[in-house]
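Take a look at the structures below.
First subunit A sits with subunit B, and in the next complex the same chain sits with subunit C.
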Partner chain A sequence: MLSDMSPRSRRQLLSMIGKAGGGLAMYQAMTVFGHAAETRFTGPPQLTGARKGSTVLVLGAGLAGMLAAHELTKAGYKVQVLEFQDRPGGRNYSVRGGDKIVEVGGAVQNVGYAPGNYLNPGPWRIPHHHRTLLHYTKAFGVELEPFIQLNHNTLVHRKDAFGGKPQRYRELSVDFKGHVAELLGKSLNAGALDSSVTREDKEKLIDAMRQWGVLDGDMKFTGDLRVSAQRGYDKAPGGGVGGAPTPSKINSLSDVLSSQVWSQIGFFFSYVMQTTMFQPKGGMDMIGKGFYRQVGKMVRLNTKVTRIAQDDKGVTANWTDTVTGQSGESKADWMVCTIPATILSQIDIQVSDTKKAALKALPYSNSVKIGLEMKRRFWEEDYSIYGGHSFTDQAIGLVSYPNNNFFQDGPAVLLGAFAGRAGGYQFAGMTPEQRIQTALDMGSVFHPAEYRKEFRTGASVAWSRMPWILGCCASWTEQSREDHYDNLVAMDGRIVLAGEHASYYGCWMEGALLSSLDAIKRLHQRALAA
Partner chain B sequence: MLSDMSPRSRRQLLSMIGKAGGGLAMYQAMTVFGHAAETRFTGPPQLTGARKGSTVLVLGAGLAGMLAAHELTKAGYKVQVLEFQDRPGGRNYSVRGGDKIVEVGGAVQNVGYAPGNYLNPGPWRIPHHHRTLLHYTKAFGVELEPFIQLNHNTLVHRKDAFGGKPQRYRELSVDFKGHVAELLGKSLNAGALDSSVTREDKEKLIDAMRQWGVLDGDMKFTGDLRVSAQRGYDKAPGGGVGGAPTPSKINSLSDVLSSQVWSQIGFFFSYVMQTTMFQPKGGMDMIGKGFYRQVGKMVRLNTKVTRIAQDDKGVTANWTDTVTGQSGESKADWMVCTIPATILSQIDIQVSDTKKAALKALPYSNSVKIGLEMKRRFWEEDYSIYGGHSFTDQAIGLVSYPNNNFFQDGPAVLLGAFAGRAGGYQFAGMTPEQRIQTALDMGSVFHPAEYRKEFRTGASVAWSRMPWILGCCASWTEQSREDHYDNLVAMDGRIVLAGEHASYYGCWMEGALLSSLDAIKRLHQRALAA
Partner chain C sequence: MSVRTVSQMFAATAGLALVAAVAARAQDAPGGVTTVQVSDEGREVYEQICQACHMADARGGGGAGAAIPALADNPKLAEKDYPIMLLLKGRGGMPWFTDMLTPEQMAAVLTYVRGHFNAYPDPVTVADITRVSTAPPPVRECDTCGK
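Now for the complex of A and B:
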């Protein structure tokens, strides 16, 4: 194993690989050392030598479908893509002024955002380790900018904590670690853990608690100036005469516990949520548009697939043009089907019973996002909040602040709700106007003086009411994964499924892309062997 | 007190203030509620009614001096600014290709960075609560972009930990909290803290430790998949067949303790280091240039002040033009002197003995920054590191990754050293070439295969060798503050000092600006009373 080599030998080998293969080879070699075991992506697939004249039908022009079309075309296949909607991208989607959102149930929203403003109702942030996506955004010329995920200055609200008054995350998180450090320090000093830690580790741990918790000489967490240098001051440091700061008062252990701030701390520690994160400049749909620039010529929009069949010779999809009403069928040798399970399970499709069972068993999450356009960036101007999220235990879940155009005058769109689970169903059951009003009520807890005063217009996307998907994204349970995942992803005759639902990265664009790459590699192998 | 009002009354009052006064009045009112006690800045000073024909001489065209010139001119004074260097901005400075750096001792560097690349040798990041600076950057049209401060994916190196092999910050920080949670949970369950916490808090704390530490059912911190969902996987989740992830192995308590990762955690918790942070697009000197656009006409560059005198009628500065050799003197009614104490303490100046003693007693920090231009962004391409800092206990202190132009091809400048204290003196004692070689040696620990291979050119700024300052910034001790601060900032006849050294925000641009605003307010008051 490479990992058994001496550091010097490793370095030499790495250097040789670097000279020979450049960045990507190096990257893969690094992976062996555990420096970068963060992705399955090893560069775009090198598929070549498709049989002359071989054809593939791709269903769905979301990211998985468009990536399949792009790479299979490069491999030599002739590809056609059928897409239900009047635009490419699928859930890679940005809602803008002038857009019309039509829901199952009949509700229609005409979006009134100012030019340049948008809501990303689906994916909205990109982890630094989603290297498949980062590879193709770069390859397709999609510019990215930082997404501010962790902002210490945002607010945390729980109905039952601090009399319902939101607290700054920085204050709660500093106080939490201070109290934890004081208590663990006390246990260590009292010898309560002498059977669990060595004498040497105990000394180091006490020192660690003192520094990490910012404890005083008696190992107490108190509100001294050193603590304020983390949680903020009552009177900030100034210049000139009277510049000395005064410390802020820490919260009691009981108060900090009532805030349950560890949920937020844990959220920031989640690998997919860790900094550095990105978003496309100008809206998430820039990614879908980047993919579409590669494959647009192969895509037939407004095409509703009604039946999927296969036999020894090939595959057939029957469809209806949703604009003209015209019916038709498309044939090919092979098929990559990226239609979400929520929809595909309702279509007449010729696959094995186990795959049909998998499609029916796969649970989808529901969620609702609401974008509130405000007349000005009061969260920046009045609260010094630049990006990031304020959290609440109300149904909206959070308020998230825009990460583009910091400091600009004029209207900007806040994410006024990212409601999931019960909250998602609650919001989905409302009219669009009720959703806005409820989001304004709930979000006012953070910005009581400004929230309604500065509100301009809003729009919401309730995923369970989007006719083309009827849900947000795959939400495998351990049991459904165990029972059905292998059956879902297995190639079935001439048909293979792809999309975030066919991955262990459900709900992420990266999952859709990794699934697509895996699916087309298997399809290509099968096609060459056929 | 407003803070004694009911929430409802407060909200009504806030709403009234909001309607009446707009953003800034609201901001100040929020401060009363403790929502935003983060700054002394209450908007630009409203100085008016200077006596007709009153004049002010400002020494130094750094940020403090230029702000004083700008606001005093608005108040009606006639202002002249004398600046030693051939450029405005002072420590607000960016080193670029084509620049020449001349040191005390004679060393000369001709900087070879590619066009557009730069090193910010002085200030390089702006906290979200430095509202004086943020006000003027906006007012003067300086565009800002996020500075990635906290990046979970950067590396931590200590010579004595992990056999000298750097570890990802995310792994160390997750393992640290996991072990702390397990130990505190154990103490709580054993009743060791029953006299310190209530029964109710104890239950909540145990639950907190379980969730925060990601402990298992037995309250143990183990390397299961839930833990890997924070610290990263051995095999990342994938798409399609075989997509299941495998967990990574946690580090032992002893190993985590050897890394002293709490120093880094504490760094990120420091109020001035908390996200969201910013930097100017295009280099830090964009701020100095923005200020200069306002006051450039009043500034005399290349002007070395040799003597400062005052009497009942006014102030006089004698100077030499460093280009022509010409001598001259400038006179005015009042003076704002922003020359750093390191230099001012060596100039013949007519102020009280206590102020002279303060100038001599004020310690300055030393530090050295080294910018290494690399041929490509291997930290992004090969390590998925986008901005942020990798830390080491070697003299370089850290390697910091650029926050601009993510994903771009072509050369980019790494901060290869930010050496302070002993390390600062060590690097300042080297030739520029030795500094580069040492920085390359030390930084290679993070990127052994790439660091020397991709190196293109470098430049360093050793602050103690910069002839115009001979140090980095004021580093008050508690004792020197106690003995001398009030004397330093007190107006002395017709002379007032300003700059970061005359503030409780030493080493920050915000301190220079707050100090300047305080100084000119007092000067104006004195001038009206005279």
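Now for the complex of A and C:
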């Protein structure tokens, strides 16, 4: 079979290029084939030959810290990990029934979700090209399932479009495409673009607009049955007597423009938002738990680091046990510090002034996620929506439907808010109960008859009020990258930093892992040279 | 005044890289553009933005060996240029707010914070915001301004 043959022959070709032209030629060839460019990950680091008895202290048992502990142990180091929280994983986190969420300021939520249900308040979707994360999830036995990123049957709402009535993404996107195609076709036929395109390309473009936009013989977007085959019918095709479908009515250009559906169309073009996407079965924290299975015996939980020092012999971290009150210090030859900049910039740490300045130049974004548990899956049963997102210009940003357990009876948790920027601050400033009520009000635009009626219980995570991070993700600018990035990631004596903040893949688990791998490679080189 | 107008004004007057700032914050996002409004009234700006971190009583808080600073009874706010600078440039974990608040909103909320949670009744004006935003570097006491 040709399909079976082609990958093999490509591999053979690459191998041949590699032999003939060396690694660079092979890299260039792979890039052309679309292989190498998608990731910096080249496999686990294969560090070996640590000096006998060498030790590393890792601060933070998030993904970056636990990956460092895992790989450095494999390389022969003796590793200890200190973690502030009573659980591993950091921002790799799922909230379940029975959990308690305690905020700065004292608000406490006792989560009441039914067994098996969860909210992923931090990371929740994994791009198919995040190879580092996918490598370790597989290696650590974490089962992934599809994350329904693009669902044409979800809804789009803007307060000042369609009288505030949500429309199906499918209808808006098809209508937007059709109207744009008609207008471009009109311009082309009128000769308005003759100075921009050759005659051959003009003919191809007119043909493309006719097919892509589903225009009629007069190059008009009219909403005939062929258009309905994309946007849906007024009366769907049936069987037997009276089975003929009737077309749906397209929206006017003005109405479609008022919906700003291009912002969703554009969103789905983002590299990190493209299908296929994944989520772990059972909650995002299955990944953190997978890492913890590898390194758990090295991790000391409930351990608040109060001071970090180093000299030419080693590193020392002073700490307090947040449960027993016991104080102690941990010493090692080297340190990987993954404490977020919001916290680390306030801890007494012995590093260069330039690194301290870098830590203080890293503001963190804010985000609020709210999980609403509903008594039944009305979005599936009443709206034929199976996973995916309904979008709104209100502060909640979206309603996102669960990607698992389709067609099941019993309660299910949907994401009732993914609020950022001003909307995120507004939600974070509310009490937990106010957040739920506001999210219910806003989400009701999509499902007015069901949303409050079927609501059972809710929980929210306001990242700016999580005591262990005081924010969501590091916010770099071009200027702060230029001024501080190299200083932040540089090995400083015996200490190296890692985490999403020390990467160009900020706010993604992939960035935390790539940062960690880079940090431990440099640490290992330094240790061998010392 | 629309956000874009303010952005352009600050880009022109203070030379801030606002486009880059917005792009750097993009990260994971719901998809689409929200139309969330922030009030022009000082107390409401505080409730809608500031209290997300500084808390309704402006007492801040923390736990992990790090804290969100209290704004109530904070002698650092006696000098009005200091909080203006924080809103314009951010500091530590706190981001800049030039791409979220207009100069009018900044002036209103700083007047409220200094007057309501502290005993500094003299108002912060838009002229103050403009003056600080156009002041030549290096500006005073700002850990985020580099080197």
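What we mean here is this: the second predicted complex is superposed on the first by the 495 of 530 C-alpha atoms of A that agree within 3 Å, B and C clash if a C-alpha of one lies under 4 Å from a C-alpha of the other, contacts with A are read in each partner's own complex, and residues count from 1 in each chain.
The criterion applied here is as follows: a residue touches a chain if its C-beta (ideal position, glycine included) is under 8 Å from a C-beta of that chain, and two chains touch if they have at least 3 such contacts.
Please read all numbers here as calculations on a predicted model, not as lab measurements.
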Winner by number of subunit A residues touched, once subunit B and subunit C are compared:
B
Identify the partner contact of A:V56: answer first if only subunit B is touched, second if only subunit C is, both if each is, neither if none is.
neither
Contact-wise, after the overlay, does A:M284 reach subunit B, subunit C, both or neither (first, second, both, neither)?
neither
First (subunit B), second (subunit C), both or neither: which does A:L47 touch?
neither
Which partner chains sit in contact with A:G471 here, subunit B, subunit C, both or neither? Use first/second/both/neither.
second
Could you tell me if A:L119 is touching subunit B, subunit C, both of them or neither one (first, second, both, neither)?
neither
Subunit B versus subunit C as contact partner of A:S263, first or second or both or neither
both
Doubly contacted subunit A residues - partners subunit C and subunit B
260, 263, 272
The answer for subunit B against subunit A in the complex is residues 7, 11, 14-15, 17-19, 23, 26-27, 30, 34-40, 128-129, 131, 134, 137-138, 144-146, 148, 150-153, 163-165, 170, 173-174, 176-177, 180, 183-184, 186-187, 190, 192-193, 196-198, 200-201, 204-205, 208, 211-212, 214, 228-241, 243-245, 248, 253-254, 257-258, 260, 262-263, 265-266, 269-272, 274-276, 278, 376, 378, 381-388, 403, 406-407, 448-450, 453, 485-486, 489-490, 498, 502-505, 511-519, 522
Subunit C residues within the subunit A interface of the complex
17, 20-21, 24-25, 27-36, 38, 47-53, 55-56, 60-68, 90-96, 100, 143-144, 146-147
Under the definition above, what is the set of subunit A residues touching subunit C in their complex?
84, 104-106, 123, 125, 156, 158-160, 260, 263-264, 267-268, 272-273, 304-306, 341-343, 345-347, 354, 357, 360-366, 389, 391-395, 397-398, 418, 420-429, 462, 464-465, 467-471, 473, 475-479, 483-484, 506-508
